Each structure stands twice: as structure tokens, then as C-alpha cells.
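Only one structure is covered here, and it is reproduced in the block below.
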Amino acid sequence: MNTFGRIFRISILGESHGECVGVLIDGCPAGQPLSEKDLLADLNRRKSGRKGTTARMEEDIPLIQSGVFNGRTTGAPILILFENKDIDSGAYERIKDTPRPGHADFTAFHKYGGYNDYRGGGTFSGRLTTGLVAAGVIAKMLIRPVEIEARLTEAGGSDDIEGAVRSAIENKDSVGGIVECRAKGLPIGLGEPFFDSVESLLSHIVFSVPGIKGIEFGAGFAGTGMPGSAYNDIILNIKGETKTNNAGGINGGITNGNELVFRVAVKPASGVQGKQQTINLKTGKSAELVIGGRHDTCIALRVPVIMEAVTAIVLADLMGIGQMMPAVVR
Amino acid sequence: MNTFGRIFRISILGESHGECVGVLIDGCPAGQPLSEKDLLADLNRRKSGRKGTTARMEEDIPLIQSGVFNGRTTGAPILILFENKDIDSGAYERIKDTPRPGHADFTAFHKYGGYNDYRGGGTFSGRLTTGLVAAGVIAKMLIRPVEIEARLTEAGGSDDIEGAVRSAIENKDSVGGIVECRAKGLPIGLGEPFFDSVESLLSHIVFSVPGIKGIEFGAGFAGTGMPGSAYNDIILNIKGETKTNNAGGINGGITNGNELVFRVAVKPASGVQGKQQTINLKTGKSAELVIGGRHDTCIALRVPVIMEAVTAIVLADLMGIGQMMPAVVR
Amino acid sequence: MNTFGRIFRISILGESHGECVGVLIDGCPAGQPLSEKDLLADLNRRKSGRKGTTARMEEDIPLIQSGVFNGRTTGAPILILFENKDIDSGAYERIKDTPRPGHADFTAFHKYGGYNDYRGGGTFSGRLTTGLVAAGVIAKMLIRPVEIEARLTEAGGSDDIEGAVRSAIENKDSVGGIVECRAKGLPIGLGEPFFDSVESLLSHIVFSVPGIKGIEFGAGFAGTGMPGSAYNDIILNIKGETKTNNAGGINGGITNGNELVFRVAVKPASGVQGKQQTINLKTGKSAELVIGGRHDTCIALRVPVIMEAVTAIVLADLMGIGQMMPAVVR
Amino acid sequence: MNTFGRIFRISILGESHGECVGVLIDGCPAGQPLSEKDLLADLNRRKSGRKGTTARMEEDIPLIQSGVFNGRTTGAPILILFENKDIDSGAYERIKDTPRPGHADFTAFHKYGGYNDYRGGGTFSGRLTTGLVAAGVIAKMLIRPVEIEARLTEAGGSDDIEGAVRSAIENKDSVGGIVECRAKGLPIGLGEPFFDSVESLLSHIVFSVPGIKGIEFGAGFAGTGMPGSAYNDIILNIKGETKTNNAGGINGGITNGNELVFRVAVKPASGVQGKQQTINLKTGKSAELVIGGRHDTCIALRVPVIMEAVTAIVLADLMGIGQMMPAVVR
């Protein structure tokens, strides 16, 4: 379902070329100062406009429709909408019957019996992450003083990220990347062994973000090649600080007070410029496809702020920051 | 919480050195033939006894306590228990106050205020996966003709798995590994874009399994280094068969009818034999620790059948196989 | 939380005097014809304007913001909003610090630490049921040929409903009532013994509707005075038709194929016209209060269509009508 | 599903004539002193043996299988089982094909396609409430100093309860009743307007208890005949104490600090002694049925302690008493 979280709960909605996209946030405590302009900095980080991102320019102005009164959250659900404005659906009519390789066109057609809104990827569009970023800003406020920071560490298999993107643009191709996310200042004890480990909840929401195909915590896949004697993080003191952080800040699914560290694999953007082979859903025959529309060359460029957002959302939920208890008790 | 699934739902319980471990399965349709001996083959695959696994020998005889009548499921919750018999808790008293590096001892102590059952790792023990395997057998029956197969493809960074394990035993050290899981015969259309993508649900349950620190689907992390033109899986025919399978059988979070493929990183077993530095929880001072007890050298050896089980559990849930609708309608 | 349902799931949002009220519907299958005008008939039945309802006149024009494309549902979440237009918040400023007896003013103040939107009852307003009615129209479409009908059977303890309302208006007082709801054509077997009995789910959502203080199924409270030999419904034939229907169509929490029958108690509207004693939240001293604003004399007049809506929502969920399975399978 | 609660969560299991019945409790905080004998007093109140209850005598000895270590809860799931011992299934073989009027025999047969465990009502048996009572004892400990007390106020429509039961025994008939439950010492602010009002959650779990057919809060159905001016509870002081308690301690779905009061309607026991008309599920023809087995004359006699238990369970959940946060923070 389109809902995530037990205490701090978000629901996502909208389509790329419909009226709007948005997010409904339930469980935000009352009394948190919040205005639309608080959301802009992170929304700008997600935006297109840079080299390697799509030419579609959306203003991404958030409209808070409920849950805020006199500049503060009320404890009621917060609906934030973003109108879709810079829409050019023409290109999509042409490709309606010829699913783009790597996209969700084929699976969506089958799942929804052909009734899905195929324009711009519909509900599968990366544009849906706008709502995640907005909810993430609120979650970041609530989990203070925890600090989260994500950055792109690799593109196209290289740490010369600009070079990799430039080269992909020149080749009319696309390129993937790896984003690393770190959170500092976490209390010891968040998460549960079964089934709500920190890794479980983080990966659950992370894999909702279009284009993510892998996640690893701490030493991750490389750690499988280490001997246990080197992998084990020596505990240095009563606060639980460790000499190394191969565990990525999590033991037994539970935060150990060290830095939380994970990396995600972002696949190359599916929207490449050349001819691609596919099939025609109506005739059942092979077809050649040249994708029009406006696309990102490297969606990984836009992913760091989204990873920060989903991490903040999970932590708010795990920290039990919700509108359950009487405010006077909190 | 200790529950997973929306339609086919499992809850896990028990401690390594308590009375028992077990699983409660809710939502299994009525009328499925089921006996305790159906569970044995997969339970045996999870068992210790091989080179590289612990010397603790549990018979793992499943006791079906409810939900089965006259050899068939009744539609009521199925409780399956495994008694703990080969228990040697002595070693754990010694290490009660000195948390083992790499284990959940430190985090559990903090999370549960020192009241956790620390013997044998308590509720964090790999022994809890016995219930997952039992539930997995039932899920495999329900999702037929889908077939799932997992195997260990690497240990200690090498594909000479036996050699890596032997060498770790000789060094009184431990070793991690990579397990690959594949599922064939899936219908097109399982999963939902937000937030219940196939990757989201699989990774959620996978990261509940002790020792898992990474997961990737299809080309995964390596795919981030490929150009989009090579990464995109060409669609060959109207059934959606693709030339390559870099997507691992999932587009937009939804199965595309090709083989589902994922790999998990299993960390080196934490229980190494040498001296390790840690702290004493009572005195707050540094301490040296030599772990006794009986431990696995390579827990990854036991993980394949667990990966098959959790995959089957997720697929049963996504296929909506539950005891919701009247049996006459099903 | 502000969400109800497992398969067909609704979330409610908005405030009486904020931007809007609305509903987010998740799990509606793709392909269902739906337009805004389909919603109008039931929305009109909920509206004010009749004798005994508030003078606030809202047009209640539904705006479908997502989840519908080319006149059909897409399988994505459906957001329906209603703008608030006929707002007169002036009266509420006066009573901000003096909670109205019978209203949620006092509890909301404490729960939300004074940050709640108090204007018009905020999120506690009966206006929030607009979204329920809209979702109910969609649910009614999905559960066809099941038919649901609710009506007001008593007001002020009398079956002369018009008389009771007229008399309350004359006395500048208010009056409660009893609404009976019936559903025909249900399959045998909906519901589960623990904890999702039909009575459990219906009462859960029914008690979300402002002003409901009791519910009974079949013979209900009166049935407690009958001998079992008279209460038991004799089974007449293999279809399960019974001679009497004291069970209200439910045995063991599960539909038995007979008519589903329940009645709800709607309390007298809290907004009476005379002086009432209360306290001042700022000074802590006793205060006298004369309520302004525009209020219903008998909210029970507007409840029947809401009861139909929530019944349809529960039945859609229990019938497993959701966007889980591939459309090609459904 | 067989699970209830978001923070303090219980799952019920077992059958009347199977191996056992029981409850799995998830979310109980670590460190709560708990032993099997703590459960006995309330279990004894639920037991049969008194005039008007069944001749089946179960010892109801609780076996704590997990989640308790050294006399305290560990934060892990608590499994409590009760073995079934005094079983006489013979009578049920005779009636297997002739569903008893008023019981769940007919609906269970259809829902589970004939695979349900029909002996003694299987999973529909009142015996399943043993687990509720055990969970309720733990919940009562956790919500201290809140105090809950329930009592039978009417049987067979009369307040001479003993007389009504005696007369029903003489007539080989059965009799229903009304149970009133009160909770004192609640904080202001528990519950949420949509959809987790206190009334919603209480009624949800209450209607899982076999035999309950109605619930009302405060003045309930009688309140619908009162004028609003009399129904509204005058607020006396800053603590929110009211002159009357027609609201039953709940405004807008949220506790107001006054006593929580509700009443439930318990139907007459279905197991009457005379001949009853039904059908034969195999032949499809009418049949006459004389019920054997051992039955209660007045199940309402056993309901008060169950109402206390479910109230405590809901309050623990609403008070957010769970094993989410690190124990050091709690």
C-alpha cells in the first residue's frame, strides 16, 4: 500500500502528469513550527536544472493544505501538495503501446490492466519523491539533534562524478551511481530484532524510491570477504564507541550509538536516447523505440536529499515521535 | 514488532536458551494438507552439523500446536514450536557483563535495560530462524508452481567455499559469504510502487535474519557502473521475456515475469575464538574477552534455505493468499 | 491514526475551517469508471439545508486530484478534496478559551497542547465525514450487487421524527436519534473470529463518526432479555436462511448470508442555544458560555448516508477488493 | 487477522478441543515482574464451575513459554499457552453435519470450506478468551494506577441475576445479560478522532469476544431520548471533572479524565437443551437437533473479567506502553 510507518506515518499520492503529487503525513506531534518556506531548501536540492538532470522545470512550490494552524502543526494529518505545471505529455502518447525497456511501463500495463496513467510514468515517476522530501524535512525537525547527510560517492563506477555524467551526456547515454548516507547522534536502542530492524525499515522505504537496486550497511558486501576477527568492531568504552564501524552503527538490528552508515546503488536512468528494441502491446510484435520526453541522464544526482529524507522518516517512526500521547505528558 | 505480512502473516517468538522457539502463522488458507514431517527437509537444510557450523545439535522437531485438524490446515492460526534441548548456558554467565564485539549483547543490554535474556543471544539468536524456515515450507506449498532456489556463491570473498571455511576453522576465525536466491514462474504484476515494492518487502524480511548486511537485485551494485544502454533489459516478446536480466525480474517495484534474482551479504560470524577487547558493563572499564560457547564458523552456510523461506513468505503475501475470503469463493 | 482498512484503505484529512477536507483512498482496483458527478447524490444526502441542520451551506463539490485517468480509476491512490468556503470563524475566537460542554474542545486542548485548530471543531468536525461519504460511493460501486440502506428510525426517543426535531428547534435545544442500517446480498463467510469480526470492523469505523455513542447488531440489547430458545435463529435451508434474524446476519463474527442489520445511537447535537456552565482554560475559573456559530439541531438527520458509506467501506475491505493482484488475474 | 494493537499487540491462537489455546503478547516493556501465578486470580474469575456455567472443568494453568527470564519480562514476545485437558469431543461428531442455530457452525463451514476444527466450536469457542484474560492481567500491571472494574448488571432483562439464571436452568434454556465496565484514573487525551477513537478501539476488541452483540458508552442508547441541554456534561473545574457523565468519559473519541463507562450486551448462550430445527449440510434437508456437549446457561457470568482485560489491553496500547524506545529513555 502507499503508506509507510507505524507512529510517524506517510502516504504518497499523485501522478507525474496529473493534477498534482503530494504526501499525507500522519502522526506529527502538535506544536512544531512549520511553514511552506521551511521545505524549500531540501526541495531545491531534489530539483532538476543541473547538468545531467531533466529539462523539465517544475517550481515545486509546496502547498500545505491541512494540519497547520497559526504557523504550527496541530496534530492532525498534514497534506502537502505540489501542482504539476511544466507538463508535456505529447511524447508519451507515441510510446503508449511500446513499453520502454528498463521502465515500469510493461509491469504497470499488466498490473493495472491498461488503466494506469502512463503519462510521464504516472505514479511510478521519480516526481513522487517530492512528497518524500517534504515529509523528510518535517522528520528532520522532529529528530533533532540527530544529523543526517548523504552524498553521491560514485557515478558510472568512478569517483569522478562530473566526468562520468559529462561523458554520458556526450554519448546520449545514462549513468548510475552510489549514494552514501550517514546519521550522527542516534540514541542506542532504536529498532527491533524481528521484523523491524533498522536495516529492515530503512531498506523497505529506500527500495520504494525509483531506481534503487541495492543497499548495504557498514562494510556491506565487502565485509563478506573479511575474517571475523577483523570485521568485529572492538568496543572502546561504556558509551559503546567502536574502533571500526563495519557494522554501520547497527548490531542485531538495533542502533549501537555509532554513526549509522549505508550505501545505495542507483541504476542508470532508463531514458537513453538511441533506438531500443521492445514489443508492441497491441500487435504483440517486435518494435523499435526512440524515447522522446525529457529525462535525467543521472538520477543518482538527485538521490542524496531523498535518502536523507527517508532516513529521517524511519528514525522519527522508530523514536516513537508521534501524536499518540497527550501533549501535556510528552 | 515481531510480526510480518499483511495477508499471509507470521509472528516469531522464543529465545535461544529458553523453553522453545517458534512461529505463529496467520492467514494460511484452510484445506492445505500439512503435517510435521512436511517441514523436516527444509529444517534439516538449516541445521548445524556440517563443517563450519556450530557443535550445538538441536533435533529441531516441529510441534504443530494449532491450526491443523485431520491433516489439513483449518484457516485458524498455526502455532509451530521447537523445544530447546541441547542447551549449555554456562559459558554465557561468564560473558554476561562483557558484551561480545559484533553481537547484539551491547545493544540488547541498552534497549531492554539489562532485562533481556542474554543466554545464547536470547531472541537475537540465529535459532529464531527455525520458525522462518517452517513458515517458509508452508508458503512454498501455497505459491506453487513458483519455484525458489538459493545457494551460497561465495565465502570469504572466494568462490572456493569449502577452502574458505576450512581455512577459517584452521585460523580459529570466521568467514562471511554471499547467498544468491532465484524464483521462477512468478506472475507479472506482484508488488506496488509505494511502499510495497517487491524489493521493499523482500529486503524488509531479509534484514531481519541475523547477520545480513546487504542486498542487491539483478545487476545490483555492479549495475551502477554500466551505461543505461547496456543496463536496460530489451523486451523480447509479449510475455515480457527480456534478453538480459539486469533488473532482477522487477521493474518499478513490480515483477515483470522474468526470474527474480537477488543476492545478500552475510557477515562473518561474530563468534571468533581469540581474545577480543570490549568493556565491562558494570565497572565501565576495558576488558578482555575470550568467547566460549559453541558457534558457527560460517553462518552463511545455513542461510540459503532461510532466504528461500523468506522469499516464499513475501510472495505468498503479495499473491494475496490468505484466509480472508469465503473458501467457497476461492 | 487517521487510516482505516487493510485492503481497501482510506485516510481522512482536513479541518472544518481550514483550506479543505478530504479523503485519500488506497487500494481501489484499476478500471472502475469514476467521475466527480458520481459522488454528488450521496454527498447531497449528507448536506445541511433541511430543517434541523446547520445554516452553514457548503457546496461540497468534490475535486478528484489523483488516481483517475480518462474517466477510470488507475489503481493509484485517489485523493478527493472539498474546499471550505462558507466559513465564519468569528464565533470561535470568543469561545477559544471556554470549552463547550459535550464537544471535543476540552479534550483536544489537552491532547494537542493547545495547538489544535479550534475553529469549527477543527478536525473533530462532522464536516470530516464528507470524505467518508465520497469513499463510500466508490465502495458501493465495488461491492455490487450488495445493497445498503440506512434510515433514521427514532429522534428524541420517538418515532415521530419530524415532531421531535420541530420541538427541539422551538426549545432552542437539540435532539439525538437512532439510525438503522441494513445490507442485503452479502456472501456467506465475510469476517474473522479474532479480531476482525464483522461487528469489530463495523463498530471501529462507526465510532469514528462524531456523535455516535452506541451500536447493536440484530436483536442487540433487547436480545439480552430473551431466552436462548427464542433468540437462536432457526436455520431454514441449505442457503442458511433463518426464520428470525436476531443475530443481525452475523454468527461468530462472520456473515451468514442473511441481512446484515445494525443500529447506532446518535447523541443530541452538543450545540445548544442557552447559557451553559464551563471553565476558562486560561484563568482556571468557572465561566458561562453562550455558543454562537451555526449548528445542527439533530445531527442524526445526516447520519444515514454516512452509515451506508462506512458499511460499504468495511465490506469492500472484507471482500478483499483491492489493487493487490495483477489486473489480468482478477 | 488474529492480531490486535499497534504498540501493545496481542495475537490469539488455539482451538477448544485441540492441543491448547493461548496468546502471544508483543510489545510488553522489559523489566516487568511476571510469573504464572500472577495470572491465576483473573483466570479463576473467568473459569466455569459456578451455577450457570459449563460442567467442563479446565484447570487453566498458564504456561509462559517465552519472553520472561529471571521473573521479569525481557521485551521479547511473551507466549502463554493453556493445555486442553477436559475434552469430550464425542458429542461434536454427531452434530458435525447439522449446524447448531445461533452458533458459528454454519458460517465456519462455509468460510473454511469444511476444513475448520468443529469440535467444541474450534477457534470460535469462548475458551479462546483465556488468552485475552492472561494478556489483560499484564496490561493491567502496565497501566497502573488506572483501575478497571466490570460487573454483570442484568441477566435475562432483570437485575435479579441469580433468579434469572436459576430460572433458565430449570427451563433447560439459556439467558443473556448486560455487563458494565468502568475505568478510573485515566489521563486526559487518550484516543484519536479518526479512526482510533477510544470507542472505536474498545468496540473493535469487545466484538471479538464471542456472544457480544451491542456496546454503548455513557448514556448510550438512552441518551438519544434526552435533550442536548440535559445530555451535555457541564464542566466543573480545570481538571475537566463534569457534573454528569453522559459522555462516558469520552469526547470526540478522546478521554476527558472522567470515568470511562461502557456497557455490553451479551446474547443468551446458544447451547439450549431442547430440540431445534436446522439443516443437514450433506443432504441439504431439514433436520432436528438435540445438542449434547457441556454448555453454559449464562455466558454473561464469565464476561466481566474479559471486559476488564480487553479494556486494559486497549488502554496499554493507547498509552503507548510498548517496547519501542530504549529502556534507558523510558
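Chains here go by letter, A, B, C and D, matching the order in which they are written, and residues are numbered from 1 within each.
The working rule: a contact is a pair of C-beta atoms (placed from the backbone, for glycine too) under 8 Å apart; a residue touches a chain by one contact, two chains touch by 3 or more.
What you are looking at is a predicted structure, and each value in this text was computed from that prediction instead of being measured.
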Copy pair subunit A, subunit B: interface residue numbering same or different (half cut): same
Equivalent interface to C-D, taken from B-D, A-C or A-B so that over half of the residue contact pairs match: A-B
Rounded Å distance between subunit A and subunit C, as computed from the means of their C-alpha atoms: 36
Computed distance of Cα centres, subunit D from subunit A, in Å: 44
Whole-Å separation of chain centres (CA-atom averages), subunit A against subunit B: 26
Residue numbers of subunit A (touch at least two other chains): 1-3, 6, 12, 110-111, 123, 188-189, 192, 323, 326-328
Residues of subunit A that touch subunit B when the two form their complex: 1-4, 6, 12, 99, 101-104, 106-108, 110-111, 123-124, 128, 154-158, 168, 171, 173-178, 188-189, 192-197, 199-201, 203-208, 210, 212-221, 223-229, 231-238, 240, 242, 246-248, 251-256, 265-272, 274, 276-279, 281, 284, 286, 300
Subunit D residues within the subunit B interface of the complex: 1-3, 9, 11-15, 18-22, 24, 26-27, 30-31, 65-67, 69, 72-77, 79, 81, 110-117, 119, 122-123, 323, 326-328, 330
